[in-house]
Amino acid sequence: MIDKFVPSLADAMAGIQDGATVLVAGFGPGTPELLMQGLANSGARDLTLVMNAGGRDDGPVAELLATGAIRKLICSFVRPNSVAGRQFAAGTLDLEIVPQGTLAERIRAAGAGVQAFFTPTAADTILAEGRETRVINNRLCLLEYPIFGDVALIDAWQADRFGNLTHRDSARNFNPIMAMAAKLTIAQTAHAVDLGAIQPENVHTAGVFVQRVLHVPV
Amino acid sequence: MIDKFVPSLADAMAGIQDGATVLVAGFGPGTPELLMQGLANSGARDLTLVMNAGGRDDGPVAELLATGAIRKLICSFVRPNSVAGRQFAAGTLDLEIVPQGTLAERIRAAGAGVQAFFTPTAADTILAEGRETRVINNRLCLLEYPIFGDVALIDAWQADRFGNLTHRDSARNFNPIMAMAAKLTIAQTAHAVDLGAIQPENVHTAGVFVQRVLHVPV
Amino acid sequence: MSDTSFKPLNRDGIARRIAQDIPEGWFVNLGIGIPTKVSDFVTDREVIFHAENGVIGIGPAPDEANINPYLVNAGVQHISLITGAALVHHADSFAIARGGHLDLCVLGAFEVAENGDIANWARSPDEPVKQVGGAMDLAVGAKRLWVAMEHNTKGSGESRIRTLCSYPLTAKGVVRRVYTDLAVLDVTPKGFAVVDTIPGLTRKTLEERTEAALIWP
Amino acid sequence: MSDTSFKPLNRDGIARRIAQDIPEGWFVNLGIGIPTKVSDFVTDREVIFHAENGVIGIGPAPDEANINPYLVNAGVQHISLITGAALVHHADSFAIARGGHLDLCVLGAFEVAENGDIANWARSPDEPVKQVGGAMDLAVGAKRLWVAMEHNTKGSGESRIRTLCSYPLTAKGVVRRVYTDLAVLDVTPKGFAVVDTIPGLTRKTLEERTEAALIWP
């Protein structure tokens, strides 16, 4: 029987290697807060964290960064007055700033087997300096590469034992695409439901993209 | 008030220009048969038809091709014993064969503002002859461009006046991505429903991608 | 700057002025700051507002009692949904922005130039932290880009309406129109064209307050 | 070819043999033809079958009375869904195939070569019509590719197990294993390795029937 539920946070986080690239979803709601604590406590070091809001200071990203386990942060913005901002200023954190739409598209590309793509976003900005550009259809475009995750930490509203998920309202955000982009996707879910409780037409993240599910009742 | 419903097939098909690129969805179910008849009867000529199953002979694609209005067909396969196969053999139809996944991805790229992408699919086949390839991450990749539609003809199960759609079961197929990829997306729907009848979380094709809706009760 | 014959619009005033120009049926993304307020003033037409985090059909801000903790806008403020809303994931949401499906995006900015360049994310190329967010995607992807901002900087009163931007760009040649506390300016192939000005503001004063050349009707 | 000491597997037999090797929990795409039959023989394990048109979790073929006209597989045959199925659109469905999310794809083929090349869509580069479908996407995208086919061509009895493919390729170097009516062969860096053969088939006969060299255990 396929059953992706794991009994504990420790089981959920087992096996994350030093040096891993970890995708963390969330945009306000939809942030897998318990799994982020689990990552902070896991002892894994030298990590690359990919998280849109890595440069904010609300929520558990501050805790995660404060462990010093994050070597590099890939995100769309960093506030100067945040843990990430201060670590970057102090030279202890590498930073890659990616426009939010390009970030989403690069993550989706990793999940979809797209090996690179051209986008007009940022092509005529300083973010493109030293990088490959090309004029396509009279528009200057920038070549972007997928962001593959070793691990993705995601959040769900409902999950079944196949790992099929729903996400509530705007808590969907990066969750479905990060699930696609990682070798090991770990989901925390507010509700554990029976197989069949989620209508096939209304699955938001298909179980094929999810390897472990931890039930974290709200 | 926003109301994308149109009263007749003639209204649905109004304004399709000679030389237009028309995306037509469907994979068995999910084929907008009435709209295809409308296109056949519209008098528009010199069209490029993009349709996965353009090379099959079941359904209204045969009728559409038989009008002689299609100059070029872009699809993933053509059976020798089909209208398309015979027209191609007779030299009256241009043919571009695209692997089905690349076809879907090129259509999605058009909708998503991706100006080109590299994919391993077909990179080491005769379909890549004379085209740009590049080794990325030790894999030979082929450069592919988006397929933009002037018009998309799609099928839906439910529609509201904003143009939000659901698709039933595997009738979803190319419908959501073709809706994204065209300037003018025309949907035929089995059911016209009140605004709010489709749960926001379970809209399959958002109204932003749909310009006209024709109610065709089943 | 002590001219008291005119009263610059406040932030709500700029938002209200923008709202006047949005026709029914448009599909619109509003940036953080003044732009977010625009929807408050679109009350008599159906306009569909989009947020980068996957919300299509933002409704009014809820009162405290009706906050849904699972529903926020791109500024992570609580929102409601209109009837007929739809929710998508982040890549699909930016497909809307980048794929040319927005009739309009309204962004805030530090500077706009007469060639349509916009700078809204950093005050220096060497700035150690960079707050890009989704602005670059929206700026190149929307069918039209309007900017909402104060005409002059708060401290030194420098013009944000520029011959050339001095700050790092968000995108080149994309701004169609600028709404400030003093005027509405179209970006034309010949430069900034004055669409209208606030009551009491003289041509001379606007020109003094504006670094770029202005084309008058 | 008149050796009667062995009985080649029929198409169901090949499918049954493949089914034996699929462990519980795998996520599998089955091509048209013999591969489609494989799922009929996976009855005691949970294996999730995927179709290119967006079906995740194909169930058994329905009887006439229970046909759902809105639900077909990649061969446009009517299917049912298992409990726990999910439906996605065509780009998301091929994201599964191309993004490396399939544990296994089983395709039919005209030829397989000892370097793992597969040819399954055209018998000549000049063939006027080309039936590519989704095979090229599946062949390069799946974590492992197995091929199901008859060992020899029907007419002249030529070997489909080749040193090099003679037909236009679907993809290079991707086949891991071949299941024929005579044998199961692994594609290894040194060539085809015999995994097993049908009862009564001698080494000599298999070698006569096979153009490529065989590595025996």
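First chain written, first letter: the chains are A, B, C and D, and each begins at residue 1.
As a convention for this text, a contact is a pair of C-beta atoms (placed from the backbone, for glycine too) under 8 Å apart; a residue touches a chain by one contact, two chains touch by 3 or more.
If you're wondering where the values come from, they're calculated on a predicted model, not measured in any experiment.
When the C-beta contacts at B-C and at A-C are tallied, the pair with the greater total is A-C. Per-chain CA centroids place subunit B at a distance of 35 Å from subunit C. In this assembly, the C-alpha centroid of subunit C lies 55 Å from the C-alpha centroid of subunit D.
For the pair subunit A and subunit B, the distance between C-alpha centroids works out to 32 Å.
Separation between the centroids of subunit A and subunit C, computed from CA atoms only, is 29 Å. In subunit C, the residues that reach two or more other chains under the touch definition are 81, 87-88, 91, 94, 97-98, 141. Multi-chain contact residues of subunit A, defined as those touching 2 or more other chains: 105, 108, 112-114, 119-121, 167-169, 172, 200-201, 204. Chain contacts here follow an irregular pattern that is not a line, a ring, a star or a complete set. Chain pairs that touch one another: A-B, A-C, A-D, B-C, B-D. Chain contact summary for the complex, subunit D toward subunit B: residues 51-55, 68-73, 76, 81, 87-91, 93-94, 97-98, 125, 128-138, 140-141, 168-172.
Contacts from subunit B toward subunit A in the complex involve residues 105, 109, 112-120, 134, 136-137, 139, 141, 145, 166-169, 172, 199-202, 204.
Within the complex, the subunit B residues that touch subunit C are 1-2, 108, 110-114, 160-162, 164, 180, 195-196, 198, 200-201, 203, 206-209.
Subunit D makes touch with subunit A in their complex at residues 24-25, 27, 46, 48, 50, 56-57, 81, 83-88, 91, 94-101, 141. By the touch rule above, subunit B contacts subunit D in their complex via residues 27-30, 52, 55, 76-80, 85, 88-89, 95, 97-102, 104-105, 107-108, 119-127, 157, 167-177, 204.
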